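Before anything else, here is the set of structures, which you'll find just below.
Paired with chain B in one complex and with chain C in the other, chain A is shared by the two complexes that follow.
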Partner chain A sequence: MSADEKALPPPVPFLRAARAVFDLSLEEMVWSRKSLVMAGLLLMPVALAVLFRLVANLKHAPAGIDLYGLVVAMYYLRNALPLAALFFATALIADEVEGRTITYLLSRPVSRASILCGKFAAYVVTTLTLTLPGIVVCFFLLVTLRGFSGVAAFVPDLLRDLAVAALALCAYGALFTLLGVLLKRPTIPGLVFLVGWESLANLPGWLPRYTVTAWVRSLISHRPVDEGLAELFQTTLPAGEAVVVLVAITILGLAGAYGIFSRRQFVLDQ
Partner chain B sequence: MTRSRLVVTASFAVVSLGIAVALGALVLDPARAAVGPMPGEGLALPAGTRFVVGVDVARFTASPMYQKHAKKADVTPEAFAELEEKTGLRPDRDIDQILIAGAPPSANGPERGVVLVFGRFDRYKISRAIETEAGEGEKKKDVSWKTVEGFTVYLFGEGKGKPGALSFLDDDTLVLGPLASVEEVIANRNGSRKGLAENAELVRLLGTVKPGSTFWMVGDQTLLSRMPSNVPSPMGGGQMTLPALQSLVVTGDLDPEIAMHVTGEARDEAAARQLADVVRGLTALIQLQGGQNPALQSLATAFSVNQEGAKVHLNARLPYELLDQLKALGEKRKATSESADKTE
Partner chain C sequence: MIEFARASCWYGPVIALNDVSATIGPGVTGLLGPNGAGKSTFLKLAAGQLKPSQGEVKVLGAPAWGVPEVFHRVGLCPEPDAFWDGLSGWQFVTFLLRLSGFDDAEVNRRAEAALVEVDLLAAKDRRIGGYSKGMRQRVKLAQAIAHDPQVLLLDEPLTGMDPVNRHRVVELVKRLGREGRTIVMSSHVLYEVEAMTRNVLLVHQGRILAEGDVREIRDLLDEHPHAASVRARDPRRVARAVLDLPEVVSVEFGEGGDSVVVRTARPDAFYAALTEVAEEAGVYEVFSPDEDLESVFKYLLARRGGAR
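== the complex of A and B ==
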């Protein structure tokens, strides 16, 4: 063993290192301008639901569960959650590179796997923090439009929606983490993926199976009326298969991201 | 605790509280004995029931459809005044829910049906009104009563062979229907028989219906086997065969527009796909035939079809304005064809 190698501190164990990165990243992520914007986006349905309860003629309002289903299926799962995942997950490594702070992380005696895992865990906690309260509050505001009785019947839907939202954030997050380590500027390709590729979910045949959104949509029980192609070819995939696929996307996305991140040399611009 | 930790903790506290309240509602809700949208008392329906229809009267009477047609048909509070004076009952105010259950005629017996009405009844006034009716002139023999397992059952038209019957199951529940069905409901209510709980298939279907709709319906295979399997092809030239349905579940609302969700279960995925394709074909045809007519175009887009394994979901949202437009269109076409006939 050379004198230089002797001088190196021993590597920090994986879990301890990941926890340290998680703590650091959580501080940066939760209390940031980006989180404020995302909180606005993810909590907007709550504001609208409050407004609806104050302004709308509840006697003539549609069934509360239908409105809640619309919010979850159309707003959260199809739009807001993928967008939140895109903006947070692509930035996990890309922001460190852009801010030239990646050197500080990589020069510590921590493995790259622990950096990635710690950052991804911070992303999951941040997005869940911003998303789940919105869904819960919307549920109670909208489903109780005509009183609290009968709420019990929809509780399984709420629990399912929370679980699906978490799974969707993990799957999209892993995919966008991969994109974040793969590309220098991943936001535009990510948006193209969400707007373009994910539209395949509205086409007939096997094409929806190649999208994330079709699997996510299949897991919830709300089926609001669609328009256009989605109306004609709306397909629902088997729920069991959907869980397996989303978990697989999460694992493969993270594995792919680690594969690239662990080999990549980061040369910072001067 | 840092600011970020505080935000995370607060957020998870909100979620935990929400879940705790939701689970509390699930455990403590007195309606948990209910099956889907059907109150627990509905389990007294006959075991041989093949379809159940439910109507939430409060929602129905609050809907624009009722408001519009009630005025036309003079079903106003004033029109109920006589009934209210006689029986103390004003249907739009006192009735909460109606359950209609039935079975098609079989080799063993005729068509059966029974109606359960839930609400607030003045038993004394209603009973008095029925008994007074029995004693009036020509109608004297039309109404009689007897006791079945401790319940007073009023019989209407006993001399005509198939008497209709009415009985109070309790202060809030009324049962109406043929005598045999009413007697069966009373026996089920008393626990002599298990009633609808024995009908596992229908109970399963009821469990899939979400409460909160203005109206709903579930029907099993026996009911659906009587529906025509061959229908005229929308493209003309012959007929096409529809795959048989194993079950049908319908839920709907009338406010602020007519919204319906129909779930049909076919025998397998291929049959469901065929059925979904037929419905899609029909909506596409309406869209094509609609041409530049915005009403027909809107009608075609009001429906959406979705297949999920062996199930086909049909969603429909029909605004009242669209129905008015379609009605006007139909009248216009009728008038055109009549004037064309006259010209010929």
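== the complex of A and C ==
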């Protein structure tokens, strides 16, 4: 070891570096066109709920909690959140590579793990900020269709839904972060995964266990009647196991993404 | 400080750098070669952005690839004109200083000092997306020097700069070199390198063709005049100012009517004259096509072939 090498200080502490990357990534994500589009997508049920309250004959409307359950299960968990995860998480590293700003991040005394974690944390905060208020507003708009009495009884359901949404965003986000560092153009394969592979959740037998969506929807307590074949074959998996599986998907997805990110020569992709 | 030991790098079937051995010590070293010669690959290997396919690259005694702590002491000014465009110059430099581990007070002090060095303090709060090409080059340089690195890697740092700031940056790099830092600056323009150092590595087709004193190849330029393309609001004013210089070989107006291409055997006299009219004529970009250097390399290669 030479004198030069001995004198080198250690890398910047992990949390400090991740925090700096988080701050920058959050700024970039929140004020992006992508966030505007995603905000529209994630807040659309709020607009529809307002419209429903204005025009629907409330005496003949279905129970508010059923409508709310439909919105959470069918709109948010099955479609909007996976899509938001796809568009944000696949771009975490890919945007830096495409924009050729990755060079600045990789020429600082920080570990690649801190860069990845800082970016993933910014993704989680951004998507939660866009999602959770929409779910809460939908809950109050729909559950109070026939007045406020009895609303308190459903608040635990709301809290559980918020936690499930957060867990779903983490699990899908980690998978799509992995896809984003694995492939140069991850969007189409990601869509194929969501539309194709995730549909296996509606089949009978053991296949749903290999999808994310089956585990996610097993966690919500007020599941509405699902569409088509799902009504016949919809599988419910144990909730405790579902939490463990979703956390494991998050950890393994991020670990896999780190494994690739730490070795890859991104200059070659530019 | 920077050691290449039989280092090679290839992209698929393309050999970008071939069995290069070199040791670069303190002072300014010019990495000179035409576009595609391997200069950027050389710098990317030294900056740990690429892993050598074969051989070894060390910076400050540590492998350049996979040792992030080396970047406490290394500054990189990359060639691509790439930024987080939503950031201001100040945000850009301070963010990268935070990534170097400095606390807030130190980040602010260093960012201010670096922006003063490149004359961007007045524009620090403007978004980089609204900067001119020359300003973007300078803010890249500011982030490279802000953490006071021992080793500075500059990939075509003068591209697109106006004459006044070109002079300023040349003086800055020379001063940093005199302070004992190891600076490697790539360029395809002999005049740019010559303005900063006499010590050059000539790179061609992925190999080090020659190393030593730039004056040894300077004489060849009498046969191959330096070409400079000047973009200005009033290119005719530029043409008038330089036309009568005895060393100017030719002056042509470029396509689009906003540029003038000047060929001269005495680049220093030309740039001095250009600096005088730069403001009046609204000069906003100067760059050099590399045909002149290509000619020098062809000559060198032919001479080398003849000597065998």
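Note that in this section the second predicted complex is superposed on the first by the 257 of 270 C-alpha atoms of A that agree within 3 Å, B and C clash if a C-alpha of one lies under 4 Å from a C-alpha of the other, contacts with A are read in each partner's own complex, and residues count from 1 in each chain.
Here, contacts are C-beta pairs under 8 Å (C-beta built on N, C-alpha and C of every residue); 3 or more make two chains touch, one makes a residue touch a chain.
The shown structure was predicted, so the numbers you read here are calculated from the model rather than taken from an experiment.
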| item | value |
| --- | --- |
| Chain B versus chain C as contact partner of A:31, first or second or both or neither | both |
| First, second, both or neither for A:12, with chain B first and chain C second | second |
| Contacts of A:20 with chain B and chain C, given as first, second, both or neither | second |
| First (chain B), second (chain C), both or neither touched by A:139 | first |
| Touched partner set for A:129, first chain B, second chain C, both or neither | first |
| Which superposed partner A:159 touches (first chain B, second chain C, both, neither) | first |
| First, second, both or neither for A:238, with chain B first and chain C second | first |
| First, second, both or neither for A:107, with chain B first and chain C second | second |
| Per-residue contact with chain A, leading partner among chain C and chain B | B |
| Partner chain(s) touched by A:265 [first = chain B, second = chain C, both, neither] | second |
| Overlap of the chain B and chain C footprints on chain A, listed as residue numbers | 27, 31 |
| Chain C-facing residues of chain A, complex | 1-13, 16-17, 20-21, 23-24, 27-28, 31, 99-101, 103-112, 265-268, 270 |
| Complex interface listing, chain B residues touching chain A | 2-5, 7-8, 11-12, 14-15, 18-19, 21-23, 25-26, 29, 31-32, 36-37, 62, 64, 210-213, 253, 255-257, 259, 261, 280, 283-284, 301-309, 313, 315-317 |
| Touching residues (chain side chain A, partner chain B) in the complex | 26-27, 29-31, 59-66, 125-126, 128-130, 132-133, 136-137, 139-140, 146, 148-156, 158-159, 162, 218, 223-227, 230-232, 234-236, 238 |
| Complex contacts: residues of chain C adjacent to chain A | 1, 11, 44, 47-51, 60-62, 67-74, 76, 78, 80, 82-84, 86-87, 95-96, 98-101, 143 |
